[in-house]
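Below is one structure. I have some questions about it.
The first chain written gets the first letter, and so on, giving A, B, C and D; residue counts start at 1 in each chain.
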Amino acid sequence: MKNAPFKGIIAYPITPFDENESVDLPLFKTLVERLVASGSHGIAPLGSTGVLPYLTDQEKEAITEATIQQVAGRVPTLVGVSNLTTERTIHHAKFAEKAGATAVMIIPMSYWKLTDDEIVKHYDAVASKISIPIMAYNNPATGGVDMSPTLLKRLLEIPNVTMIKESTGDVQRMHLLKRELGDDVAFYNGSNPLALAAFAAGAEGWCTAAPNLIPELNLSLYDAIQNNDLASAQILFLEQLNLLRFIVAKGLPRAIQAGLTILGENAGHLRAPLQPLTKIETTELSHILETTKVVFD
Amino acid sequence: MKNAPFKGIIAYPITPFDENESVDLPLFKTLVERLVASGSHGIAPLGSTGVLPYLTDQEKEAITEATIQQVAGRVPTLVGVSNLTTERTIHHAKFAEKAGATAVMIIPMSYWKLTDDEIVKHYDAVASKISIPIMAYNNPATGGVDMSPTLLKRLLEIPNVTMIKESTGDVQRMHLLKRELGDDVAFYNGSNPLALAAFAAGAEGWCTAAPNLIPELNLSLYDAIQNNDLASAQILFLEQLNLLRFIVAKGLPRAIQAGLTILGENAGHLRAPLQPLTKIETTELSHILETTKVVFD
Amino acid sequence: MKNAPFKGIIAYPITPFDENESVDLPLFKTLVERLVASGSHGIAPLGSTGVLPYLTDQEKEAITEATIQQVAGRVPTLVGVSNLTTERTIHHAKFAEKAGATAVMIIPMSYWKLTDDEIVKHYDAVASKISIPIMAYNNPATGGVDMSPTLLKRLLEIPNVTMIKESTGDVQRMHLLKRELGDDVAFYNGSNPLALAAFAAGAEGWCTAAPNLIPELNLSLYDAIQNNDLASAQILFLEQLNLLRFIVAKGLPRAIQAGLTILGENAGHLRAPLQPLTKIETTELSHILETTKVVFD
Amino acid sequence: MKNAPFKGIIAYPITPFDENESVDLPLFKTLVERLVASGSHGIAPLGSTGVLPYLTDQEKEAITEATIQQVAGRVPTLVGVSNLTTERTIHHAKFAEKAGATAVMIIPMSYWKLTDDEIVKHYDAVASKISIPIMAYNNPATGGVDMSPTLLKRLLEIPNVTMIKESTGDVQRMHLLKRELGDDVAFYNGSNPLALAAFAAGAEGWCTAAPNLIPELNLSLYDAIQNNDLASAQILFLEQLNLLRFIVAKGLPRAIQAGLTILGENAGHLRAPLQPLTKIETTELSHILETTKVVFD
C-alpha cells in the first residue's frame, strides 16, 4: 500500500476565538491536548471544523505551528491547506511541510466548478512542491465539486497523493472506491452518520470532530471493527448516532463549541457570521449528551 | 417482536412470458423451484421483479396460486398485492390470504402523491380485511412516494402491519428505523447494492432478485453476518457488487431474464414495452457472471 | 407545421364518482359541458386530473364515449390512452379513434424505467395502429421517465406523433424544444405555475384543469399573449398564480373537486386512496377563490 | 419603490491577469470601457465573472477604484463586496462606498450553511456601516445557501437593502418574489438562460456577462420588453440562447475570456486553478459566435 500514515480516529479540533473574534492560540492548544490525551489516533487542524476558509493566511500558519508544537509527535498530524487558488494552496502546503506536518489534506475548493483537468493540474502543481503525503478530500457539500472515482484514480497516479477522504455521504461511493482501488490505497470516511457503514465498507479511518465530545464511543466503535465484532459495533454506533446527526445538522464548529461548553470546557467564541447555537438547540444538545453518556455508567 | 415470519435471503422470481406475451405458468413454477432448491429463505412473487403492475388481475391470481402450490410450505411466501386503488388492493390481499400466502407486501403505489393520512387509511382498510401479516414497502423510485420513519411508525400501530421493507437506497434511513423502532419491528433491505450496509445496520433480511443468478454468494453473505464475521462479509459483498449494480442499473426483469439465459436456463420472454438487454449489455453481463463465479472454483 | 389540432386553453375534466366509488357518467357529462360552455378551446378526458390510472378498461371506454358525445364536435378532444403495457395502450388508442377522438395523448408510463429504444418502440407500435395524431407527453413526476429533447425529436419522426406536451416544470426545456424543433412542431405546456413563462417561450397551448374553476382568467391570459401584450399577461398571470400553485400542491383531482364544491357545483366523490381536502385546506382554497375573483368585480 | 438605481442590462466585466497571474489593471479598464461604450446600463465589477473569491483584499480594492475611475459616472456601478466573514464584508463595503460606488452587491457566501438568523445579522451588520444601497444576491450554486422569499423579505426590512438579484434558475421563484414583494422592491435576474422568462416575470434588469460578447442582442431583448413586444423578445432571445447556455456551462470567466479572444480583443490570462477553454470548446464557441451574429447582417 502507498504511504498512508493514518488509521482509526482522526480528530478535528475547532478553532476558538476570543471575544474580539481573534484566534485564541493558547485555548486552541488546550483543545488539541484534550484530543491527544483522550486517545485519538491523529490530529487534523484547519479542516471544516476548524473554519479554515474564515481564517487569514497568518492565522492558518499560527494554527499549523501550534498544532505541531502541542502534538509533539505523539500522533500524526494532518494539516488542511486547501485554498481557492493554486498559488495559495502551494504556499500553505509548503508551510505545513516545513513546520513538520505528517501530511496535508486538500479539497479542490471551487467557486467556479472546476473541470477534471483543472483539478488534476491543481493537485499536480501542489504535489510537485512538497514531499509529504497528500490526502485528497471529496466533499461536494462544502467544496462544491464532486470528484468521481475515475478522477480520484487519476489523482492517485500522482506519487504523493496517497489517501482519499470521502464525504459524499453515499456508502455506494465507498464500495466503488474499495472495488476500484483495492488494497492499494487507503480511504477515510468524513461523513459522521456514515461511520458504521464506512467501516463495514473497509474505511481505514474516520475523520471526525466527535472526539471533542465523545472520544470513548468513537474509539470503542473503531476497536469493535478491529476485533471483527460487528454486533458490538452496531450497538456502539446506534448509541452515538443521535449526537453524530446533531453535530452535522447544526454545523460542526457551532455544535462542538456548544458541546464543549456544556461539558464544562472553555470553548471560546465563534467568528461572525457564525453564531452560537440557540437556547433551544443547546438544550437539545445537553439532552443528547446526557443520554449518550448513560452507556458508560 | 411482532410477527415477522421472514429472515435471511427472500428471493424474487421473475414472471416469464411466452412468445405471445402471455404468462408462462409452468415456466414460472420451474423458476420458483430453482429458488427454493438453491436455499433461499423465502419466496416473494409479484414484486417489481415479477412485473406486478404489468399484469391483469387474473394473471396476478394465477401467479399467486402457482407460487403457493410450488413452494408447498417449504419456506414462507410473501405475495405482492399493491394496487393504485384501495379496493383492488383489498381484493388481492384477500385472495392471497385465502390461497395460503404467509404474508403480503404492500407499497402505496402512487400516481397522485398521497398524503400521510391517505396512506394510513389505505393500509388500515386493507389490514382490517385480512389476518396475515403485512410488510409495508417503502420505495420512492417505483412507488412514487417516500414514507418517512414517522409515517412508518404510524403504520406499525396497525396490528398486522409487522414488517418494513426499505428501498430508498439510503443507509441513514435504516439506522433511523433501527433507532426509532428498536428490536420491536423487523426491517428488510430492498436495495441490492446496499446489502452489506443494511446488514451492518441490523436488517433481518434482504429482499432480492439476485438468487436467480448467484444464490450461493447471497446466502454466504448472510451466513457471514450471522456469524458476526464482518471481514468475510466484506469480501463476499465486494465479490457480488458488480452483479448487484448491473441488475439494478438495467432493471431487474430484463437483467434477470438475460442472466438466466446466459446460465443456460429457459427464462421466457418479456412483456412490451420491456425489451431484452441489447447485445452489448448481454456481453457485459456474461463477463460479470463469469468473473463473479471465479470465487467458487 | 405538422397536424396539431389544438391551441389555447385545453381543459381537463375530473372523473367524478358516486358514493360507492363508481364512475358517475351523467355528472361527468355535466362537468364537461361546463368546460365547453365556458369557452375552453379543447377538452382532454382521462388525464392525470381524470385519474386515468385508477380506472378499469371499461370505465376508460365509457368516459371516452361520454366525452365525445357531450362535446359533439364543438371543440377538439384529446383522449388520454396511456398504459403500462404496449398492448393495452394500443387497445385504448384504437378505441378512442373509433369513438371519434380528435387526437390521443400518450405518456410512457413507467414502472421500470424504460430505455430510449423501448420508448420509441412503444410509441411506434401504437402509432402504426391508428391514424389520428398523437401528443407525446413528458412528465417525469407522474410518468417516472424524463424524455430528453433528443428522444422527443426521435418520436416526432413517427408521422402521427405531431405534438409535445411538456410538464417538467423547467422553462429551459421549452426554450430547447423551440430551438431544436423550430416552428415545425407544436408544444404545449402542462405545468400550471409555468403558464406565463411557457407562453413567453412559444407554447401553442396550455393543458390545464384550472378552467374547472377560473376559466375567464385562463382564457384572458391566452388572449393577452395572442395580442402580444406581455404587460397585461403578467398582471393576469399573477392574479391566478395562487390558485394554480394550490391545485398543483394539493393534487389536481382533490383540489378541483373541492373547488367545484366551493363554487356550488356537484363534483361527486373521489376514489380511494384519494381523500377529500381537509377542512383547513378547503378554507384556504375558499379564500384563494374569493380573492382571485376580485379582479372581475 | 425603494431606492433601486439599476435597470436594464447590468454588465459584468472579467478580471484579466497577466502571464504571471497578477491582475492587469490597464487591461481591466479597457474591458470596462468596452462595456460602457456598447451601451450597458450599469457596470458590476467583482462578481462571479470577475473571480471575486480568487482575489486578495488589495486586488479587490484596486479593481473597485479602477472601475469607478473608468466609468466616471456615465452609468451606475455595482461593486461586489461579498466575503465569508462579516468583518471583511464590512471592510470592503465601506471601501466601495468611499471610492464612489453607486451600490454594493452581497451574497451570503457560505462554507458552513448559515441559518436565517445568521444571514440577517450579517446583512444588518454591513448595512449599518454604509449608506449606499445593497443588492442582496441569492445564488445557491455559488453561494452555497438558498435564501427563501421569506428570508429575502426579512432582509428587505433593513432600510438600505433595496434590491434582490435572483439566480436560482427557477422562474417560479421570481413569480413568488413579484407576488410577495409587489412593486415595492426591484428584482434582477442573474441566470442567463432565464433572461426571457425573468423579464416576462417582471425583472427590472438582467445581471450578465454576455455584453462582453453580444451587447446588441442583450440590449435589443431589453428594448423589446420595454416596448411590450413579446413576439420580438422571443425571437431575440432564441437568437442568443446558444451563447448564453455555452457561457454558463463552461463557467463565465473562462468562456468570456475565450470569447473576447475570438473577437480579436486582448483578454489576458486566467488565474489557476482556472484554465483556458480547450481547443474543442474554443472551436464550438467560435461557431456559436459566428451563427449568433448572422441576425445583424
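Couple of notes before you dig in:
Operating definition for what follows: a residue touches a chain if its C-beta (ideal position, glycine included) is under 8 Å from a C-beta of that chain, and two chains touch if they have at least 3 such contacts.
To keep track of the chains, here are their UniProt names: A, B, C, D = Dihydrodipicolinate synthase family protein.
On a predicted model such as this, the values are computed, not experimentally measured, just so you know.
Looking at chain B and chain C, no chain is in contact with each of them. Between chain B and chain D, the least number of touching-chain steps is 2. Among the other chains, D has the CA centre that is most remote from the centre of chain B. We define each chain's centre as the mean of its Cα atoms; on that basis chain A and chain D are separated by 35 Å. Centre-to-centre separation of chain A and chain B, using mean CA positions: 39 Å. If you average the Cα atoms of chain A and of chain C, the two centres end up 52 Å apart. Listed for chain B are no residues, as none touches two or more other chains. Going by the touch rule set out above, the chain pairs that meet are A-B, A-D, B-C, C-D. On the side of chain A, the complex with chain D involves touching residues 21, 48, 51, 53-54, 84-87, 108, 111-115, 117-119, 121-122, 125, 142, 144, 251-254, 271-275, 278.
By the touch criterion given at the top, residues 169, 171-172, 175, 178-179, 193-194, 196-197, 200-202, 225, 228-231, 233-234, 237-238, 241-242 of chain A touch chain B in their complex.
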